[in-house]
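What follows is a group of structures, each given as structure tokens.
There are two complexes below, and they share chain A, which is joined by chain B in the first and by chain C in the second.
Here is the complex of A and B:
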């Protein structure tokens, strides 16, 4: 998921309609896109997530909203990285492909590293490709690769030193 | 098997003097998934010991793969009995099927298609009788997924980690694989493979040491051998590793069977054939760093090239 999240939104021109969903903090990240849309007078829907929304409400409301959209819409989601990670399966379920969504995130996201030797998962904050981390189970020093498994929601950790 | 025969029967993989990733598949003729070689008994013994000692490295399956796994059992049994009737026989009874492996003097009974039979691991059951590794790729939602595998001789990858991955995710570590949409073109090719028209290709790498079981899980054991390569030991220590891969469409599940038969040849034996020696020397000299790095050759490339150059000078 990390590889899909950007911290700065980029404007994708020429879409039939734009869908924007953010919370208070994400609003700052998406502001340049909103300005661009207004400047170009493009059609868009904006959904603001209030402080009082529970994760379940957020997921259900978002799903209902997206299910009612027509083909050719482009979606911007500007939320915390953890929220984006949890929402991704729903976005895919509804039928949005990777190139129809921009995940714009802030904050930290817990990531997992898969130990190439013992298959244990080691959690770490702020994943960095190439960073060395010790496997929590077999204590092997791992180098975090960019090879990601959806099945484990984890990055492959290769042997750092022979 | 004598040395000459081993060289002659080796599936030398190169046609050009420059190597790049490509879809080098050709139609498989005859359309047989399995090859029994004189190394059969040794390799089966090694496979079974790996399956016993490291079962998680060697077998993985998603629950949805059982239909496809049984289809593979049927296809492989059919090929074994049709192409190697002196070695294998199958009696299909109403309740149970019996497999006779005359090479190993074994007899195994099982209930075909039954979830509780063969310990619930159909790919392992048939994989224990063939030198090939067997991968089941399911096809759905316009993509291919690695849904099950019997893999004893991987070339530095982990079946456990790749389980459930889509085609492009599996190949993500290959540098420049998506350049010029190669990944898209190969995926499209694989999705269009038709039943009854299987394909084959060869993949290659070099390896320091003589080991078939080079799983990612044991890299800390065999990877160190890369540091032991010298100009003096290249000939017998470094091997050309070739995977003969075959692809079959499965009729019922619409998945693919992907078989991998791994062969090793010491560089000194490869050098016995002048045309191979000359060609491989040129390929290695020209090979770009990104392929050398990915194939794990970079640290001892110089030694191998020096050895091949010396051999070329000897033969003139």
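Here is the complex of A and C:
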């Protein structure tokens, strides 16, 4: 998921409609996109998530809204990285994939590293490719590769020192 | 290299049935000569057929429309083209039950998307053929799909009765020469819900029109799939010179592809689809400007000016130097 989340939104031109969903903090991240859409007079829907939304409410409402959209739409989601991570399966279940959605995130996110020796997963905050981490199960020192597994939702950790 | 000097491994088969589907369309069934089980294939697959004519081997790709495990047969369907350079003309006028030919193993450059929530097929004329196996596969998996199929008239519409019988709910017909029939329109693309993948097959003009419209409506590239069996016709083609690594130079005339010239030169260059889809014929370019006509390379690869798909792309400059 780390490789899909950006901290700065980039404008994708040529879509028939834009869908924007953010909370208060994410609003700042998405502001340049809103300005661009207004400047170009493009069609867009903006859904603002208030403080009182429970995760279940958010997921259900988001799903209903997105299921009614047509092909050619482009989605910007500007939320905390943890929220984005939890929402991604729902977004993909509706049918928005990498080239139809931009995950714009803030804050920290827990990531996992897959140990090449014992196959256990080690959780860590703010993962960096190339960084060395110790496997929490077999204690092998691992170098975090950029090889990401959707199945494990984890990055492959190779032996750091031979 | 396969047998008989062919570029790929092939299966020797015999034509065991020929059916007239419409006035212009025939269906051919094959069974293998040897005791051999024809391989199963995924929806959208095709085979290359190699027919030995007098002075040449005519190689043409055709979609597999049917495979029977019970009687071990493949079926293909061929539309007679008045502009035929030998392919459909030979098949329609000279192929008889009992004739032998070689076919490639099934290959699929037009597979179904595994992540589509809904599949929409747009077919014009004989462009229906790859969709028959695709729809069969989806139906067997209980997946959601629809077909938009345009033809001149009901009588010239291949598989009209079959589609009405087995895919009535999923099919919409459009007849260009029938009174009171609606016309197929690109605007239908605007109706599809998010998660839809669209597939186009038919004459190049039809494919281009729908392909370009899909992008103009904001469809991402990954949701749009096209099947092309004949290279795009280029009204503005110009001749150019190709220089090979050994210093040999050859002219590429307007009526030949770069690949044709390389093969004529006796070079064992690999190729497969011949329509700029698969990338098998990609060659590195040392110098010269490229005019890309393929459906494979991305923008960065095109801008790099370092590779060319010889089956469809040409040189913009007077000369191109290849690393072969």
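Note that in this section the second predicted complex is superposed on the first by the 162 of 162 C-alpha atoms of A that agree within 3 Å, B and C clash if a C-alpha of one lies under 4 Å from a C-alpha of the other, contacts with A are read in each partner's own complex, and residues count from 1 in each chain.
In this section, contacts are C-beta pairs under 8 Å (C-beta built on N, C-alpha and C of every residue); 3 or more make two chains touch, one makes a residue touch a chain.
What you are looking at is a predicted structure, and each value in this text was computed from that prediction instead of being measured.
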item	value
Which of chain B and chain C A:159 touches, first, second, both or neither	first
Touched partner set for A:9, first chain B, second chain C, both or neither	neither
Touching partner for A:72 - first (chain B), second (chain C), both, neither	second
Touching partner for A:119 - first (chain B), second (chain C), both, neither	first
Chain B versus chain C as contact partner of A:91, first or second or both or neither	neither
First (chain B), second (chain C), both or neither touched by A:148	first
Partner chain(s) touched by A:135 [first = chain B, second = chain C, both, neither]	neither
Touching partner for A:29 - first (chain B), second (chain C), both, neither	neither
Parts of chain A lying in touch with chain B, wherever the complex brings them together	114, 116-119, 140, 145-152, 156, 158-159, 162
Residues of chain C defined as touching chain A within the complex	115-117, 189-196, 198, 215-223
Chain C contact footprint on chain A (complex, rising order)	14-17, 66-74, 92, 94-100
Of chain B, residues touching chain A in the complex	56, 158, 160-165, 169, 172-173, 216-220, 223-224, 226-227
